[in-house]
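Worksheet: one structure, shown below.
Labels run A, B, C and D following the written order; every chain starts at residue 1.
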Amino acid sequence: MTLILEALRYLVYVLIFPGFLFCFLTGLLLCGIDRKLVARMQKRVGPPILQPFYDFFKLCGKETIIPAAASKTTFLLAPLVGLAALVVIQLFIPVFRFSAFSNVADIIVILYLLLIPALSVILGGAASGSPYAGVGLSREMVTILSCELPLVLVLLAVGKTVGQALGLGLCFSLTRIVEYQMEYGSLILKLSMLPAAAAFLLIIPGETGNHPFDAAEAETEICEGPLAEYSGAPLGVYKLSHAIKILTMTSLFVALFFGGVGRGLENLVMLLGVTGGLAGALIFLLEILVLFLFCVVLTFLCISVVHAVTARLRIEQLFKYYWTVVTGLALISLVLAWYGL
Amino acid sequence: MNMLSLQHFPIYSVMVLFLGAFLVVVFGHNKVVRHSIALLATCASMLFMMALIKPVMLDGGIIAYWMGNRVPAGGYAIGIAMEVDAMSLFFGVLISTAVFVACIYSIQYMSHDDNVPQYYTLFLMLAGGVMGMVLTGDLFNMFIMVEILTFAAVALTAFRNTVTGALEAAFKYLVVGSIGSTCILAGTIVLYAQMHTLNLAQLSALIPDHFTTATKLAFALLYIGFSTKAFLVPFHPLAADAHGAAPASISLIISGVLTKCGIYGIIRLTYFLFQSMNLGTTQFLLVFVGSVSMFVCVTMALAQHDFKRLLAFHSISQIGYVLTAVGLSTALGLSAGVYHAMNHTIFKGLLFLAAGAVLHETGTTDLGKLGGLSKKMPHTTVLFLIGAAAISGIPPFNGFASKWMIYQATYQKAVESGNIGFLLVTIVALVTSTLTLASFVKVTQSVFFGQLPKELENVKEVPFGMRFAMGILALLCIATGLFPNLVTRYLTEPAATAVFHVGAYINAAMGSGYAETAMINPPLAAEPAFIESGIWSPISWLCLLMIALLAITVVALSGKYDKVSLGDVSDTKYQLFYGGEANFASQVGSDDMFWGFKYNWRHYFSFMHELHSGVVNDYALWAVVALALAILYAFIVM
Amino acid sequence: MDFPFLKEAVNGLFSKSSCDMYPVKPAEAAPRYRGRIVYHPDKCINCMMCERVCSGNAITHTIEKTEEGDRVTRTFYLGSCTFCATCADFCNHGAIEFTGDYHMVATKEEDLMVTGTFIKKPPVKKAAPPKPAAPAAPKAEEKPEVKAEEKPAEAAPAIQPRDDGKPVQDASKCVYCTICARKCPAGALTVDRAAKTWTLDEDLCVGCGTCAEACPKKCIII
Amino acid sequence: MFKKLIKESTGKSPWLFHINAGSCNGCDIELVSVLTPRYDAERLGFQLTGSPRHADIVVVTGPVTAQSLDRVLRTISQVPEPRCIVTMGSCPQSGNVFRGSYAIAGPLSKYVHVDVDVAGCTPKPEAVIDGLVLATKILEEKRGQMK
């Protein structure tokens, strides 16, 4: 009996809460809020918040054309694999106290899992056979390359700080990082972690392919790069996975640097005097809400403002920017963490 | 099957191969006989090795077999010994499977060529040499086996002498390879002069107390000799030329197996003979050479525009990973390195066989002339993608499991030893893994996807035999990737512990108690701790991915995701969008991919371009300079 | 590391959007905006000047012969019009007017057609006067006989305009500078400076009045 | 329920693809000005896309010169169903001042069924918005009739 219950619980995790439905709704909502904020910053009225939902369902209704030069199965399968991998990554990221599967993976693994959605775009573009897609996937690969080094440094710095504090040398497990922050306060408050947080903020638009770093899907120069030949439902799945990636990166940032907020919520609930089962549920809801709010603020900070204010970088400027400025920031925090500050 | 009857299996597995080589010469002109002899020989040697797994690996026994039963008398080992402990058996099993798969593949692959009997004789000689080198317990015997495999490999590189550059590559390989062999020979002679014995076990008992300058010279010579065989940094251009010209099954053997012999030799040298791994200096030497060859070869691979040369540079960069992990001399590091060596043989073999398939069908491996092969060769594309994902460390595959262990080992070593150098190694390792992914994206786009050029119109799928061989390797890729804990517990950890139990190794050969008497400080026999700081179970991850993928496909199919509209090129609707132009063949050239990265590193690439001049005397010069540096290093720093 | 528009972006966030919400709030075109054409057929005299000057040749007309004159229906095809309003300028009868209505969206061709019809009474046909042997004589006798019955004679025998809209020349003031002949678009006038003759070819003349306007001495009355 | 949701969202998120068939760029800049803050077509869901595969509404400007004819027709054929074709300005409807010239391949309606014409030699942005809103209504009906 417990096996069925267990299986059901896993199914709920995968399909409902931190899984598909939650990602679908919050991802598209974040994308809608981002487009609205960018419009407001340009003194425009901007599309309604639910515009990404309309876009997604319209694309589902469109006809899916497969060009004769494309190889059909990879062309159709690539977006689905990318979306599935993104949903699975979201399962590993703990929402403050609650963590669905977080004992299964750690941050280096998440670093590598983040490659799969980007690879699904590359494979989809390669499968479509169009030369625009060829240029697009070569730029997409350079973008991954440039985001990888600073992301590695940030994760090593966090692993070192938490590992040293917990006394086991290095700790890559996300749950333990969050628990550490619960006891000793969020990592954002530590001096050595500030440059790492700043570096991570600069990585988010690059990793998700947002405006200043979207040389890979530049709709003006190379007709949306790898997505040039996509139409209908596969294109909708790609736009959806783009939106969910924003959610994944921002919630990863919250888990890594704002873990201590969970303790604050618990104290708040304790203050209100709610006890017993209700308290657990309340904390759970509060956690989700606070996570969503943090994600919105972070999306505004690192995606919308940067989108409204900057122009698109050429691909080698993007690479140079990431491997000098952002890597420098990350290196500072790594060295500080190394010498135990 | 008690210990006694198992004793003969190592010599059986070596001799079967040499016997097969002899028989092929005699009866080789008939196709069926030739193929059956080759298959039987390789299969027999693999079965002998498999049979030894249970006793040696799991029960921890060590087989010491004296040729002609000349047991050591009076404390001196006169006879030639074959000593098989967990480490050599691990490499033995790995090599025999790779050789067996290569044999299956080459049956159909070599059908177009002429004078094939000579191919199989050389092939079996090479296999015998490699098996002999890994299982032998005698230093001079190891040198002889190295000689056999080098000359067989040189002859096989030049087998298709019509291919441009084959003879020149073979000549280069011959020159630098023989420099390496002579270094090993010189080292053996110096050691023999000092220790008056050639038996590995006795040497590893005597050398640590006589750490004189002569033995240091021997160390340097042997190290350079074995690193030539493993194509490490100063000798890596050889590999690129050799693979470029050799037939694919031979490339599999050279990159998958020969380089492992070099690594095996270095492990024996540093952990057993000189037991110098606890010295910081040898660790620095190995880790430095490993990470330099890791980074240099991956960047060189990015600049290639020939499929096989690109794979060759990648195999050296993966060997760099293995050497870095081995050089850490922590239990986790050694097991990660050995695990990555196994994975490398599997996925590199798969990639080389895929390259062979492309060459077999289209006649060229130039990335510029290929394209769109996935429509014509779907199975090869899928198998290639599995290999590419494995080498670039995508989670469910085996490359990721071993690379992830390597990152943890280096980072742990950095934390324990407190010196930031190892941290730099972890970062270089992670960046190199992404660069590997980049170069395999380049190959995928320019060979298998993109536009199908006119002249490749009538390309067909590869015959079943070749696909079957690739299929075995692909299955192994996935299997070892999904069950890392099984592989580590039954294969790599016994091998790693065997390396730390030098005393047991010596006693097995020289009779119990010899190690304690002969050595002042008997080797540490501490139980190595395999602590892993991260948790990662690929099985549960894969189940989650499958559930999510299933859910998404069900939702998609209900939303009529597969109701797609297909049509042929004549209707303009299904032509590619070129900004309105008519359909014309335009493929993103393989060497202007990643323009952004290459532009930022243009000084580095131009410097590398001049360095790799392709002239044989440059490479010979490098070999000698590396030897000189190694000797200097051994004298001053060791 | 300067972000040029950061300040504008942030206070843009908090200020009202500068969008004037078109479909919700209707927007007026500029005062003298040249939008949809309105055609007043009654004023039109079918001089076809507008058709001739229209750069997009968007104006076409059809004539049907009917008993009380020929029915002229003129259509302005907005789909081919550049809205330069040259036709309006050339139409000295003010038959073409450009309104401020810019809503010219159509799914069918016909919605962009602006048409108008009117009946053009034929000119009163009289016996074709004999070809004037002497240039001076015909114009003198031709005029009084036509005009005699309606107008009481004024002090100076002023020249009365003819009823069929064709121009009449007042010989006393005319200096035969031949400007009117050169200006006449239809080439109906021939003026001979030496012989001081001013002859009008009634079939060619469409009564557009360009000669009257152009005459420096204002001696042509229409 | 799902089909109704798709039908409605087809009307709410029309993506434009702009084809310049030899236009004098008067209509091109007017079309882009529709996306500027003052007229802001994005609040109705309009978005300019880079590839015809992503487009719902194709806006054609310019008198379809002979050179650009087969390119325009090929690009329009590559737009997935349900699609609308909007001609902007007088040129694509009739060739305007260029009618009759050897270089003009005639009005677009000769080759393709044009759904909405926005007349005006550079129609006012408000007129363009009207045209596009009318096109989205037609798009919604087309989506309704589809299977």
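In the analysis below, contacts are C-beta pairs under 8 Å (C-beta built on N, C-alpha and C of every residue); 3 or more make two chains touch, one makes a residue touch a chain.
A quick note: this is a predicted structure, and the numbers were derived from the prediction, not measured.
Here A is the chain whose Cα centre lies closest to the centre of all protein Cα atoms.
Using the mean of the Cα atoms as each chain's centre, the chain most removed from chain A is C. In whole angstrom, the spacing between the mean C-alpha positions of chain B and chain D is 59.
In whole angstrom, the spacing between the mean C-alpha positions of chain C and chain D is 37.
Across the assembly, chain C contributes residues 17-19 that each touch 2 or more other chains. Residue positions of chain D with contacts to 2 or more other chains are 37, 40, 43, 51, 53, 78, 80.
Multi-chain contact residues of chain B (touching two or more other chains): 559, 565, 573, 575, 577, 579. Every pair of chains that touch is listed here: A-B, A-C, A-D, B-D, C-D. Residues 5-10, 12-13, 36-37, 40, 42-43, 45, 48-51, 53-54, 56, 78, 80-82, 143, 146 of chain D are the ones that touch chain A when the two sit in their complex. Those residues of chain C that touch chain A in the shared complex are 3-6, 9-10, 12-13, 15, 17-19, 21. The touching residues of chain A, when paired with chain B in their complex, are 10-11, 14-15, 19-20, 60, 63-69, 71-72, 74, 76, 80-81, 83-85, 87-88, 91, 101, 103-106, 108-109, 111-113, 115-116, 119, 122-123, 126-132, 134-135, 137-139, 141-142, 144-146, 148-149, 152-153, 156, 159-160, 163, 168-173, 215, 223, 228-229, 232-234, 237, 314-316, 318-320, 323, 334-335, 338.
Remark: chain D residues 37-40, 43-44, 90, 93-97, 99, 109, 115-121, 123-127, 129-131, 133-134, 138 touch chain C in the complex. Taken together, the chain D residues at the contact with chain B in this complex read 2, 19, 51-53, 68, 70-75, 77-78, 80.
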